[in-house]
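In the two complexes that follow, chain A is the common piece, with chain B as its partner first and chain C second.
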Partner chain A sequence: MAGVAGGNDFQWCFSQVKGAIDEDVAEADIISTVEFNNSGEFLATGDKGGRVVIFQHEQECKNRPHLRGEYNVYSTFQSHEPEFDYLKSLEIEEKINKIRWLPQQNSAHFLLSTNDKTIKLWKISERDKRAEGYNLKDEDGRLRDPFRITSLRVPVLMPMDLMVEASPRRVFANAHTYHINSISVNSDHQTYLSADDLRINLWHLEITDRSFNIVDIKPANMEELTEVITAAECQPNQCNVFVYSSSKGTIRLCDMRAAALCDRHTKFFEEPEDPSSRSFFSEIISSISDVKFSHSGRYMMTRDYLSVKVWDLNMENRPVETYQVHEYLRSKLCSLYENDCIFDKFECCWNGSDSAIMTGSYNNFFRMFDRNTRKDITLEASRESSKPRGTLKPRKVSTGGKRKKDEISVDSLDFNKKILHTAWHPKENVIAVAATNNLYIFQDKIN
Partner chain B sequence: MEFKVEAHRIMSISLGKIYNSRVQRGGIKLHKNLLVSLVLRSARQVYLSDYYGGICLSAQQAREWCEGEYMTSDQDKLIPGSTESLSESDETSDVAVDKQEPRDVVESPAAQHVETQASGEQDSAENGLSVSGCSDINTPEESPEATPTCEVASVVTAISSNCISAPSPSDPNEATETPTDCQTDNSESAENHSDEPKAPQAYTNRKRTAEDSELTDSPTKRTKVTSTSLPSTNDENKGETEEMDTSNVSSLITIFGSSFSGLLSNKEGEQPDSEAEDSDSGQICCDQMLKNLNPWSTAIVAF
Partner chain C sequence: MSLLCQAPTALVGWPPWLEASVQHASQFWMANMYSKGTKRKFSDSVDVATDNKAVLYSRQRQSLLDMSLIKLQLCHMLVEPNMCRSVLIANTVRHIQEEMTHDGSWQLVTEAFSGSGPSDHLVATEVLCRSSVLEQQDGGPKLYSVMGYDSCHEEEVVTDEGLCSVAVGDGAPALLGTIDHCWDRAVEDRVIKDSGSEVKDGTRSWEGAKTVMGQVFGTFEIKNGAPGSDPALEELFSAVDASYYDLDTILTDIQSTPKMGPYNLLDSMTSSHGPTSNSSCRTDLNELDHIMEIIVGS
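This part shows the complex of A and B:
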């Protein structure tokens, strides 16, 4: 639906696209996570090759005030390398699963990046001055002959070209037996949690050789396993509260004050299953792939295969809002199971004011839902539909027999072009959408 | 009948996914394999309910014969689980497979199934269908677990006892004959055959450490063998799903049959081998299942 009327509606325009245009996409270039920092000045992406690329929002151009600044590459570094676990004969992928920024406390920026097994804290700092006039070495670094030194001088700081350095400050390793799916920085700015399929650990940012296990759902007998943890997040205002979602479509809220091991939840969120929609694949499509708190902390949003649900933390028995992302896929579940698409883990995000939510779909489509007006829109992230500063045209998938002009039929959707990762600027209407190996940045047109 | 075909197809696909997951980079993904095993269980339930409704007339006789012998407390434990999942399968078969199918067709066999199940005959019947009683080797081992996931495995092995075809136990034999031919055969069967000779030996030397095994993946040597087959097995999945018959699926299931932990360890090898041999003696029904050896089954044994 192209609801473009009223103050709340957005008119999304193409701003930039980052990444190669080649048809052949190298697997290592596939973007696996996208995250704005807390101010929105920086945008970080991680890819399957273990690299992190950070973009910085340039200052607005005085010459062209109608154009908001662009995001340009600020720093690129190799965060994780492929590893081999010799004991278990397992290769550990270098793919970056999640990036989370720490709140900025000084001129440097810190972020946590994680692969399946190891979390790293990176410090990204700028260097724009260089000391010159050393006594013991000359300008190109060679040691001076001590006999030639006849006087003493104080080195002077001289300006230099800006250099951005990324250095790993902490490595949090060997705490997860299963694959890490989430990390979340706590509101106390001192701790963070990391979650794998069966356990959640709490870390202190300064301490790498110890972590506290706060949730453990591993059964004594692995053969009794019925569900796994799929995502976890800290509540943004209360440093003692966190939630984790499961493969069964349930969310548990835990309070760390209750016990050291939060195996017993404080709140349990589950929507009763609709028996009429039962199928072979009901369990798979009810598995929650992402959970995100609203900025206010009052609501949380969960994404399962076909829908996004908004939950009020005060109501456990059902979500307050449910949005269908691509209900037309319900009849195609068997094919989606065969081609593994049914296992795709879509993420979701809130806008800064919590009035809108966004999530991805197939065919490079992504969907936005306005919570107030209940209007939704489908947009496409593709080079063809991206003209400089051009407004994005709303897309529609035809579900019935008749296909209208400009609509696309379900069978024509390209299931290899999936948008799993999206991010919304915390303060402005700027969104970043990862389409395989390309990062699209869209901005709301300033009216 | 269409339910059965659909369920069978889904089961084959699921098992293929589990097989492929073992050679995927990054190790076995617990979440995905758990979901696949749930689908497998649902499909298996539908398959069984349809199976009982449609085909084996001798089921009645075999059930009576086996009731006394196979009713153990262990199987009683499995029953509640299977009852639940059966009622799921009623709806499952209604909804999932083909909306055009009349509800009655599904419900009556399911109802019949429920009745017979009440007395715990389901598992015994499945076991009993193989007259010479093949799968009981497996069920006692499965007995400690009374949960749905284990029930998948145990009843799944029961399927194998029902429907193993003559050719499948001869898989190992055939495989050993053909390794040298594998280059000349069509590519699909070739790569699967090539898995064959190494895998059985590797399996029999392993111990089963279900409880302790966490995310173990195939050792490098097996990875090397199966990596070449990976593209072909994917093609094969697509190409052969229609051709795949129950015998092959059930062989696959046999190997997988050592419960969910089978996903986590490769160490269930010795058990399936013995089951495959025993089930040889147990095929009585379902002539249509007795088709010629499908190269997929050799991959199954490798798995």
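This part shows the complex of A and C:
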């Protein structure tokens, strides 16, 4: 795949936008997670109202071969409901924190969805035939009087309109005292891990009443708590390896073969702090909000407040690449602390070939970095800049001094419009960007 | 949801109250400097500029501390607070405290509290007035490590002997608890009912700044209005650094509370293990024992 910016490289075009157009955004409609499945045929979103919407990639139209197909709604279901914890008198939000697809093994599709406390395994299956001609019941389901039946017939399968059913197959509950922030399916396709603020558990997909605790960083005295787990992921090739990131900007790699409880890490990744840029906000902005392995498994990427870093698993003392997402915010940290934006958790993602990475920012901007050419681009997900199949125009934030035409100044950025969740198709150059309650899908123009 | 927790649609630098605070501080300084009527040499003006910066930094840091404490208090009123956010804010508070302890301004605060009566809101004014008066007298605290939010330079650390040698009083509700008490009363009353200590004209601008801040903070609805009525709240503020003050001796309204930190609050919210020496809990346990005895028939 070629790079992401300029020249005869990709040109990102608007493809679709899903969601309401009104200015008034219902809290429940805010998208909280976006995830392509392993083939890219399906795209799942979760929202604050506990719903999951799955889109399917339609086949290309024969009469418009220059366009890839569109994503249309395939299934919608209520995954989680709000609950009330009577012991603590606290509400448990139904917001979907993460969705992870399982590798496909038969005609049905499986995904894991989680809120703060409970993980559920959903089976999404299609039904396009139904049996007709039952003996004991009518077509509308009413039971027949057995004495009236004079002959027997064999029911036959007749085609019907496609119906997509989502059914919960497993519920993995009561294993997390704190809020779940990550789930990750293991490469063995049998187990997965779930991480909350202080603990990580390992589950078997078939077993719901037991899970193994593999990391526990809860101090004996909670007064001594200074660090929490922020994200965790299984290594894509080695089923015994996983990583977890912390609020202090560190990443620990653990090998489950070493011990049952992986409190002692195998590798410890931390970049030494630059003493010249130390401030009261240093720790907060170093807190890692997302960690993702590359598809190759050789690298991992971490997102902190102002930057994205790529780490080589073989080198612990510093990242191999650092990309500044919105360095112009460094002088605004006090205000961002005041309005809580400094605690926003941005995600990041790799493209299929690991040559490019993407992450979100404010004002509905999102950024892409080409690791080979070192070029970067800022694009915007908004209805105004989205004309059908129109190429997206690169955006620029002016960092002081004269503001050029088409540039936007830092003080004009809308901090309510944040792109926290993005996803990149595993095989093609199609990206999904969640902007509050709208889902934007962009594709590159096939030359 | 509080004002602070709403994200503004556009970032326009510091919020008005913070800017006003900083502006008042620098205006106070300017007024003071010119009223002295002495000839200014070059070195004097440099010193004044440095001291001005120090005062500015001190105010910035204080504002950050206040802001952090508000956030901590508010976040424990929410449905269930985001633990990562709480931990990061608490770490920030600890960092500020360490620095203030290091340069002696924390001791200054605790000293000011000693010998004060239980009139919490008056104490707040007194402390702040005395701080500003001291600054006026000494020309401001000497420079400690200045790490401004905008600049990236670390300057020399110089501590002021006078400030550091101030005796630590026998207790203080910590600045934190007092700030809390400031919120639910009209700020104007407090500012007018002055401490009675040496109030000069120069302090009025500082009080003005406090009025602005107090008005903003005064709009917050604090759930537990009466001071000390929420042991959890006091616990949150009490054990930031136990060696510098003793909560129990100052706030007479407050029953003796265990030295629980903010994290015990988190702990008690999230798990039921760990001893809680809350008196109401003890009562419940006694009742439970009583009920069990009846059931068992012993």
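Here are a few things to note about the model shown:
Here, the second predicted complex is superposed on the first by the 439 of 447 C-alpha atoms of A that agree within 3 Å, B and C clash if a C-alpha of one lies under 4 Å from a C-alpha of the other, contacts with A are read in each partner's own complex, and residues count from 1 in each chain.
Note that in this section a residue touches a chain if its C-beta (ideal position, glycine included) is under 8 Å from a C-beta of that chain, and two chains touch if they have at least 3 such contacts.
As the structure is a computational prediction, the values presented were derived from the model and not from experiment.
Because the two structures share chain A, they can be overlaid on it, and in that overlay chain B clashes with chain C.
In the superposed model, A:17 lies in contact with neither chain B nor chain C. Once chain A of one complex is fitted onto chain A of the other, the partner contacts of A:332 are limited to chain C, with no touch recorded for chain B. Looking at the shared chain after the overlay, A:239 reaches neither chain B nor chain C.
Contacts of A:25 after superposition on the shared chain: neither chain B nor chain C is touched. In the superposition on chain A, A:341 makes contact with chain C only, not with chain B.
When the shared chain is aligned, chain C comes close enough to touch A:411, but chain B does not. Between chain B and chain C, the partner in contact with more residues of chain A is C. Chain A residues in contact with chain B (one complex) as well as with chain C (other complex) are 88, 90-93, 116, 177-179, 197-198, 221-228, 230, 247, 275-281, 283-284, 287, 334, 337-338, 340, 343. If you check the complex, the residues on chain C that touch chain A are 4-15, 18, 60-61, 64, 67, 71, 79-80, 82-85, 87-88, 90-92, 95-96, 147-150, 152-154, 239, 260-264, 266-267, 269-272, 274. Interface of chain B with chain A (complex): residues 6-7, 10, 13, 17, 25-27, 29-32, 34-35, 38-39, 42-43, 46, 88, 91-92, 95-96, 144-145, 147-150, 153, 210-211, 213-220, 223, 237-238, 259-261, 264. Residues 88-93, 95, 116, 177-179, 181, 197-198, 220-228, 230, 247, 275-281, 283-284, 287, 334, 337-338, 340, 343 of chain A are the ones touching chain B in the complex.
Across the interface of their complex, chain C is touched by residues 87-88, 90-93, 116, 177-179, 197-198, 221-228, 230, 247, 275-281, 283-284, 287, 331-341, 343, 410-416 of chain A.
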